[in-house]
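Chain lettering (A, B and C) follows the sequence in which the chains are written, and residue indices restart at 1 in each chain.
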Amino acid sequence: MSNDLRKFKDKFIEKIIFFCGILSIIFVILIFSFLFKEGIAFFKDFSPIKFIVGQFWYPASKPPQFGILSLIIGSIFVTAGACIIAVPIGIASALFISEVAPKGIRDILKSIVELMAAIPSVVIGFIGMVSLVPLVRSIFGIPTGLTAFSGSIVLAFMAMPTIVTISEDAIRSVPWQYKEGALALGATKWQTIRRIVLKAAMPGIIAAIMLGIGRVIGETMAVMMVTGNAAQIPHTIFEPVRTMTATIAAEMGETVKGGLHYRALFAIGLVLFSITFLVNFIADLFLGRGKKK
Amino acid sequence: MVKQPSKIQVEKLSCYYNDKCVLQTLSLDICKNEILSIIGPSNSGKTTFLRTLNRMNDFDHNYSRKGMVFLDEENIFHMNMEKLRMRVGMLFAMPIPLPMTIYENIIYAPKRLGIAPKGKSGKDAIVERALKDASLWDEVKDRLNSSAMKMSGGQQQRLCIARILAVNPEVILFDEPCSGLDPISTAKVEETMRALKKKYTIILVTNNVKQASRVSDVTAFFLMSRLVEINKTAELFVSPKEKETEDYITGRFG
Amino acid sequence: MMKLSPKLSQKFSFFILFCATMLAIIPVIIIVSIIIKNGASAVSWEFLSSMPKDGMRAGGILPAIIGTLSIVACAIVVTIPIGVCAAIYLNEYAKDNLLTRIIKLAIVNLAGIPSVVYGLFGLGVFVMFLELGVSIISGALTLSIMELPVIVTTARGALNSVPQSFREASLALGVSRWQTIRYVVLPNALPGILTGSILSIARISGETAPILFTAAAFYVPHLPNTVFDQVMALPYHLYIISTQIPNMPKNIIYGTALVLLMLVLSMSLIAIIARLYFRKKRKW
């Protein structure tokens, strides 16, 4: 091959590589603009204020009602519940894996956490439906086990790998000099972990929690299978709820493409996109801060 | 001694990292087929100078420079970077064999540069010549297909020299090539360097003053980003003109 | 209240951490064992290789398996080259400037978008706008965009673990940047890229929401002929038979869940083991 041809080929490939590099920006813009386009079309026909604060989601009634307040509250209920369960367990597991477990066991535990992340959400939803839901019903003596509480447990399990892996990274990247300094002063290993390691790893742990929340808000299948999908504002966590994601998944199949209901679901997608964008942006800020130190 | 023509001319070269000057208006001439060694304490700008000569710092966004360097009267900063590096090879402080066999390490660059002959015998000849010139052939000729990572440090460093020779450079830059080696390996590398002088122009950066006095024809002393003194090695070590040079070579600091 | 001695309090705290870890991990074991216990009896060669019968209450799940495999195969053909190139750009070429920061932010953001929103996007762009219809190709393109940030991140890690000195050694010989990447960096990053890719293949095999409106069909009586066909898919099939069809025999549901779970877990396990192996064997 002549040298000029070689150089031309090099330049050509480098152009392709650059294009692939900026492709992710293009995708984000595309996704946003598509959601935005359909969402705006929806808001021309339906007031955005009524959309956000409206209590009733009756897409089939005449005139249809597209209030997503109950869906937002449903999402918040299951997300908050999942966090209350997953955050302490997740951080404790991350501490155990990175600071306490011997090396051989650590690798096994990390592999199991990684496998946990791979279990499909429909499988988790199915198991939740056949074993967790009846259990919740009989333990709490409620008419149905398809509740926000069941959803929280299932989602806590699904957020666990994210929280554990990223917190573990943050904990492990605490410089060993910090620990040695404390240990040399006679502190026990636990005191060192609690006072030094946890503090130093905090930005990373917060990022892990944020990313876990992002994962939980966006989860669809499992949550749809165990929460009962009733579009009503719940009073306790032992009532059925419906999340934003489940609404999109359950109703898209029945809509007329291009109709008002179809666009309403895109508008929900836009809300979800904005929430997760914000959550991930905050997480990224914390991750960046953890790295700079 | 007949004065050799100049191979490299440096004119008012200044280098900066993040606007901090690490090399100040340097001008010097390097003659063909001579060994120039550059001595000086760390952070005196030696390595930056060396890396500027084959533009290894060009991808570093914190680095900037002023001034000119000529190779055979051609400004290197206007040359095609790859062509320049073919003509000006560089050996690093730590031996860096690529994770392949000894044979592949040497034929790698000729192949990628499109200067390797087509047939196997032609390639074999390049490998044999390069390894012989780097005085490594006798030690490895029976295991050319074993991994280069399994060689000793000194062998690895000579392999890296052979790898440079395989692309037929004109100038070779040595960046503290023996800093990680034991005395016996060091002696072998130095011997190789002296043998290479016949065909190549060599610039050696070293922290080891004795090494400079052993192998080089001309020695330059850098201190605090500045060239303090440059002279024939014999004269510089016997009667340095500057006080700082004398202090450094007698071991009073550095 | 009595104050515990530091030693005792350490023991107690470590025990709590241990319990938390078990609490996180035991559900995995429970889920896997419930599915194996109830599903193993349903899985046979017959089950894997025949079409569903009697409104899916009998017969096998062949079309769902084929459907999932074809969607995933198409998705990785698109996403791996793009993802690896993007990783090469970020790790090898990108300067520390605004554009790079925006790209990184875009990748973080892509990684965070809910899977059902990807489904909406795929429906809007591929199914409706590009008129590809509900088909393998629409589903695959949707999944490939969703998986892009994961591939980019793992490939970047793999490229980053190749020592900088290898690049310098090659560049110093006059070899061009791209040739250095192609012949020195990529071969050494390949194991990492490969294991990362297998992990993400496993992950997208189990995704339901993105293919819900873009590729998956309730029931298709024949196998797909082209990439423009609608297909059944394992995860969606599991969703349907476990929620939408009354009087579904339990062992068929568990059997389907088992097949899906094994497909995903075995791929992940292979990737995890391969990664440990390559790390040990690493030459530098």
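Please note the rule applied: contacts are C-beta pairs under 8 Å (C-beta built on N, C-alpha and C of every residue); 3 or more make two chains touch, one makes a residue touch a chain.
Everything numeric here is computed off the predicted structure, so don't read it as measured data.
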{"item": "Greatest separation from subunit A - chain, by CA centre", "value": "B"}
{"item": "Chain pair that, of all pairs, has the most C-beta pairs in contact", "value": "A-C"}
{"item": "Centrality ranking, top chain (CA atoms only)", "value": "C"}
{"item": "For subunit B paired with subunit C, centre-to-centre distance based on mean C-alpha positions, whole Å", "value": "48"}
{"item": "Chain centre separation (subunit A, subunit C; CA means) in Å", "value": "16"}
{"item": "Averaged-CA centre spacing for the pair subunit B and subunit A, given as whole angstrom", "value": "54"}
{"item": "Multi-chain contact sites of subunit B, meaning residues that touch two or more partners", "value": "none"}
{"item": "Junction residues of subunit A, two or more chains touched", "value": "6"}
{"item": "Multi-chain contact residues (two or more partners), subunit C", "value": "176, 179"}
{"item": "Subunit A residues within the subunit C interface of the complex", "value": "6-7, 10, 13-14, 16-25, 27-28, 30-31, 34-35, 38, 88-90, 92-93, 95-97, 100-101, 107, 109, 111-127, 129-131, 157, 160, 164, 187-191, 194, 211, 214, 217-221, 225, 245, 248-249, 252-253, 257-258, 265-266, 269, 272-273, 276-277, 279-281, 283-284"}
{"item": "Of all residues in subunit C, those that touch subunit B in their complex", "value": "95-96, 165-166, 168-176, 179, 183-184, 188, 283-284"}
{"item": "Subunit B to subunit C touching residues, read off their complex", "value": "54, 56, 61, 82-87, 89-90, 92, 94, 96, 98-99, 108-109, 112-113, 147, 149, 160, 163-164, 167"}
{"item": "Of all residues in subunit C, those that touch subunit A in their complex", "value": "6-7, 9-10, 13-14, 16-18, 20-21, 23-25, 27-28, 31, 34-35, 81-83, 85-86, 88-90, 93-94, 99, 102-103, 105-121, 123-125, 128, 145, 148-149, 152, 176-179, 199, 202-203, 205-209, 212-213, 235-236, 238-239, 242-243, 253, 257, 260-261, 264-265, 267-269, 272, 276"}
